[in-house]
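Before I ask anything, here is the structure I am working with.
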Amino acid sequence: MNPLYEVVRNPDRCIKCRVCERQCANEVHKYDAELDKMISNEMTCVDCQRCVCLCPTHALKIRPNENQFRENANWSHQIMDEVYKQAGSGGVLLSAMGTPKQYPVYWDKILLNASQVTNPPIDPLREPMETKTFLGKKSQKITYDENGKAHYEKTPYLELDVPIMFSAMSFGSISKNAHESLARAATELGTYYNTGEGGLHEDFYKYGKNTICQVASGRFGVFKGYLDAGAAIEIKMGQGAKPGIGGHLPGMKINDEISRTRMIPKGTDAISPAPHHDIYSIEDLRQLVFSLKEATNWEKPVIVKIAAVHNVAAIASGVARSGADIIAIDGFRGGTGAAPTRIRDNVGIPIELALAAVDSRLRDEGIRNDVSVVVGGSIRSAADVVKAIALGADACYIASAALLALGCHLCRSCNTGKCNWGIATQRADLVKRLNPDVGYKRLVNLVTAWDHEVKEIMGGMGINSIEALRGNRLMLRGVGLTQKELDLLGIQHAGE
Amino acid sequence: MNYVIIGNSAAAIGTVAGIREFDSTGNITIISDEKYHTYSRPLISYWLEGRVSEKNMMYRPADFYEKNGVTPVLGRKVTKIDPQKKCVVLEDGLQVQYDKLMVATGSKPFVPPMNGLENVHYHTFMDFDSAKAIKSEVKDGMKVLIIGAGLIGLKAAEALAANGAKITVVDMADRILPSILDNRAGVKMQKYIESHGVKFILGTSAEEFTERTARLKNGVSVDFDMLIVAVGVRPNTELVADAGGKVDRGIITDMTQKTSLDDVYAAGDCTVSYDASSDTNRILALLPNAYMQGEVAGRNMAGREFRYVNAIPMNAIGFFGLHIISAGSYDGEEYVEETENTYKKLVFRENRLVGYILIGDVKRAGIYTSMIKERIDLGDVDIELLKEKPQMMMFGKARRLEKLGGITK
Amino acid sequence: MLQREGTTRIPSGCAISGFINRSGKRTNGSVIVNSIACMHERSNGLGGGYAGYGIYPEYKDQYALHVFYDSSEARIKAEAFLDRHFDVVNLSRIPVRKNPNITDEPLIWRYFVNPLPTKLQDSQLDERTFVAKCVIKINDKIDGAYVFSSGKNMGVFKAVGYPEDVGDFYRLEEYDGWAWTVHGRYPTNTPGWWGGAHPFSLLDYTIVHNGEISSYDANRRFIEMFGYKCNLLTDTEVITYIIDYLHRRLKMPLEDVAKVIASPFWSELESGTFSEEDTAKYRHFRNVYSSLLITGPFSIILGFNNGLMALNDRLKLRSMVAAEKGDTVYISSEECSIRTMCPDVDRIWSPRGGEPIIVTLDKNAAERV
Amino acid sequence: MKKVYVNEDWCLACHLCEFYCAAANSGADSMIKAFRDGKKPVPRIQVEEGSEVNFAVQCRHCDEHPCVKGCIAGALSVSDEGVVSCDENKCVGCGTCILSCPYGCIVPDEEAHVIRKCDLCVKNHNGAPACVEGCPNNAIVFEER
């Protein structure tokens, strides 16, 4: 096997400070005293860019190995590599984060509107610009008594100061410091983070009012106290990066804290089954939704998270009728801590189409009010957020972007457990690299920046409240899309 | 308030600083028989060596007196303290009134009676003038005999070596630097200094001096072009003793640096100090000690109440580029590590570090010093780390936080 | 190419004006015509229209349907539909006066109708919903027929042209009403369709609107979940449906309707501007009726069976002035227009954004008219 | 007074602070120049590495400042703000301050025969403490406590 990357070290710049050596968990760099030089073992390099970022003299570059197999349009270098790998290992290929394949990103083929002449753009620096969002069933019922006092039904809801939440990442798949960063950021931002399927660490119960507690097929860490701890409960039916596939946290990552939090023995593999074994159909889901509501005194909204698959609209309609308050749809470009490569790269549909289909379907059926719709799976910027909301989402889930804010460079090696950025690892010396004081602030910065941008864009449209953007597809135009795609998205082509 | 300070070195300057912490207006008069702006006595060997310019001999900036409201009376000697009249009398008869007096008279070279010495031109090495006198005579290739292998003698040897002199050091003791080193360390240093061309003749003393030759008791004769006597120092205690103050080997003070005379304080090399590491009273002729005693005295002269408690013997010195730092007492259980160029000795007693010698690698030695001064119990100290090197890591997290985390006492 | 409402969304600027007499004193239509004439520059001749309340006292118990027909065939089809669903008490062409600036007029008919009791019963709907559904059906299904007024004891009169010409054309000086509203239109496209002129009405709700709302599609896609069909793609249409939904169907008082469509800002809700109970209620509105919040500039005058409501968007991005003289309240895009109707008002002010002005007939007057 | 503090929970022992410090105080205008030709400018901050915790130490600018009091050359001084700094032209490298500093924060520069110590970067062109700016994990902070 050839190394995938080359370490390019500029000898005119390298001062042999050895920070690269100290910071590489993959042991790529080494100081050789005999040569009085830094040398590299590139076989283990994953291109995480930690050394590049920390090198104080910018002496390092990591680039793809230029060595190429003979050109073949059909058999790419990567495909061949994978064949060699499997021929060597006999195993399923594993990868992490979202698919790197070139599938269409519809966000990039949708353009936004702005006001000109006939109505005024609104300056968010001068006028109120509101992005507060409520998630949950929106009962329209209201009655007035003889004194004119209104009586209305209050259903459980989540209140978001920004229409962006941090989506599920379990303690185990990511580090405690990453979780703390997310929890504190959600608290400061007035939004929510999601425990993922790994339970809730005892130190983080204090962030409960900004926590969504996930219940997944493995039921790790689920007990009454856990359900009570959060602001909402999310039933994870699927994940965009690996629809139809469960999860597997290897035993070596199950240390004391994770074992305690997940309520499983230390060192044992944590295996989440592909299905919930008590949900083999929609009516079973309804039972689980109601059980969880019953368990929490009907005070908390229940989210059902599904992967964007072919018949997502029909599934969503079923979920909306299951008693769930919020549907979370995860697009197939979404990330993961580990997934079989073939699944990640080939199963599911883009979130844009799934969202458009679900929103339209729920409106056609007149039940859009019964659930809120949250979308995730590669929301990369404020523009994506605006487009998602204009297509019909109530709010967005972000995870990959949040990890990027924490330092992730998308090397897609989470599954190795040797994350040099202290995110997807449980090794104490690596976990330490993510200082939550820094991490949470960076998350707050990111979401605050996006919120500013969302407001800026809304202002340009002449909209001063996010609810007037929701489902406002007139604000969207497609570019370079087929009529079929436009119809599916429910938008017109630019120029129309 | 009139403050009078006799002396113009570290203890005197410390006194000024101590007074000015609490009294920014009182008159301060410094009287010294030396004519110089306050300068650093330990620097005379560096000056002689040529590493320090005369300008850099100044212990404090040129505007120090002015900035601190000090009236310097320089080149004039105090001959008498009159505690009844509360004044000091200068050799020219001038009387200076004081409300509070500081005696910081330091020490003088001790020249024991030696046969024939009275007929020989010799130098001592204590003050700037003595260094200047040596400098004016020393020549390349000159043979210099130094009597005394203590700190002063060896610093002179180092400085003169730099001037091209060929040096022989004679000492009655069988090892060098006995006041700061143990035997083993002394031997090590001796070898090192010898490797720089200095010759030692130990365990003997001069029987008789003739004009250019010293005949030693062991029968050896040593020719010299220049003779330096550096066998020791004696505190300048006469002023206090004559005024009726209590004096032992040095001026006796209490913990506030007050002498037995009312309103008369003393600090520095002229006093006897309490050595916290050995629980004894002794003369601690060290610059830091002098300054801090002066500072405590100054504060008390300005009406406060401070005590100078944790004095210990300690020394930082180097010869020909090899550094020595030592502190405390060597009486106790020893831990020693030695390599060709380094030496480390740690002395423990009653579960405390009470003394140490470091040669060569002296980095961070102050951590050890503070452990001795603060009498830190080793119960929650990682002994292996302590032995490895001075480091904060040896302490528990709580103490580290206290020391480094910004909690100031 | 000329586009008509419904084929594309056409933004437009406008002028509006209106007044109401609380005591039910009826005023001749010429007053309102003059009020809009002085704001000539705010229109561009591509649409004008009026709504008058209390103008059909002799048929006050019947629904007055005003209908445009493109052709006689359309009329025949529509009248067949009407006959199937209503007892038509009276029908006639609406009398008009030739005006050189009003051309290409369609056939304009008026029917005073009662729903057929059997049909009404079969539909399992209340009477007003039944009528509304029939109106929507004609407009949606019968090509060339368009019901542009369908309330009781009120009527909408509109055409393509400057509003003062439209008033002259419809001979409004011959109608007396206790409230009038008017709209002069400045569309940025060139629709030539009379049905697209304003006011837009459903039953006795009429809306004249100046502005271009930016929340249009969010509002439209939401309200269409409740059986409305926004064929015209105009702001006025969707605003009318929203008000119909909230006021008629959810029975929400107009004060609360205003708090839904021009809701208080969060900063106001958090600053203790309102009582605890109201704060809770308005928060609830912002949660559950969030898709009915209207953003972007608008000033509207809503007419209904016993009053007028004027409302600005919450940032007040469009001008709107109100005035009072005795028991008459005037509202207009510009003060000059109010001065035309009443030179010596007692009080004149500029209502704050989002704060509705709701004026209803006094109790006695309501019974009288 | 604002001082440099190190939070040992977050120190990674990457030693970057030492390099940023050394370069900032080297007089060179870039780190590459500061370390050119195998030069090893002396940092005023020192990282202690442990099995679980690491931390960097540098002058506490303590109230007692025994280093200043013991300095035989009058090279060390305290500014009005409380910053302890060394006049390296006056320093003779005797090591008395090394002997005195309870934190072990004064570093000998064997080649230059002087000591080096943290002066909070008040004298160099850096402006703010270079160690604080260079720390990749905010383990070193510059603040009032």
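Here are a few things to note about the model shown:
When the chains are written out, they are named A, B, C and D in that same order, and each has its own residue count from 1.
Assume a residue touches a chain if its C-beta (ideal position, glycine included) is under 8 Å from a C-beta of that chain, and two chains touch if they have at least 3 such contacts.
Owing to the predicted nature of the structure, the values given are computational and were not obtained by experimental measurement.
Within the contact network of the assembly, the step distance from chain A to chain B comes to 2.
Relative to the centroid of all protein Cα atoms, the closest per-chain Cα centroid is that of A.
Interface comparison, B-D against A-D: more C-beta pairs in contact at B-D. Computed centre separation for the pair chain B/chain C is 103 angstrom, with centres defined by C-alpha atoms.
Centre-to-centre spacing of chain B and chain D amounts to 28 Å, using the average Cα coordinate of each chain. Here the spacing of chain A and chain D, counted between their Cα centres, is 43 Å. In terms of their C-alpha centroids, the spacing between chain A and chain C amounts to 47 Å. Residues of chain D in contact with two or more other chains: none.
Shown for chain B are the residues that touch two or more other chains, of which there are none.
For chain C, the set of residues that touch two or more other chains is empty. Viewed as a contact network, the protein chains form an open path, each link joining two chains that touch. Interface note: chains touch in the pairs A-C, A-D, B-D.
Chain A makes touch with chain D in their complex at residues 12-13, 15-19, 22-23, 36, 53-54, 56-57, 428-429, 432-435, 437-438. Those residues of chain D lying in contact with chain B across their complex are 3, 5-6, 8, 46, 48-50, 53, 55, 57, 60, 62-63, 66-67, 69-70, 72-74, 89-90, 92-108, 110, 113, 145.
Remark: chain A residues 115, 117-120, 122, 127-128, 130, 132, 134, 136, 138-140, 142-144, 148-150, 152, 154, 157, 363, 366, 368-369, 392, 461-465, 467-475 touch chain C in the complex. Partner chain A is touched in their complex by these residues of chain D: 9-10, 12-16, 19-20, 23, 30-32, 34-35, 38, 52, 134, 136-139. Contact residues of chain B toward chain D in the complex are 14, 40, 42-43, 46, 51-52, 56, 58-61, 287-288, 291-292, 295, 314-318, 321, 323, 325, 327, 362-367, 369-370, 373-374, 390-393, 397, 400, 403-409.
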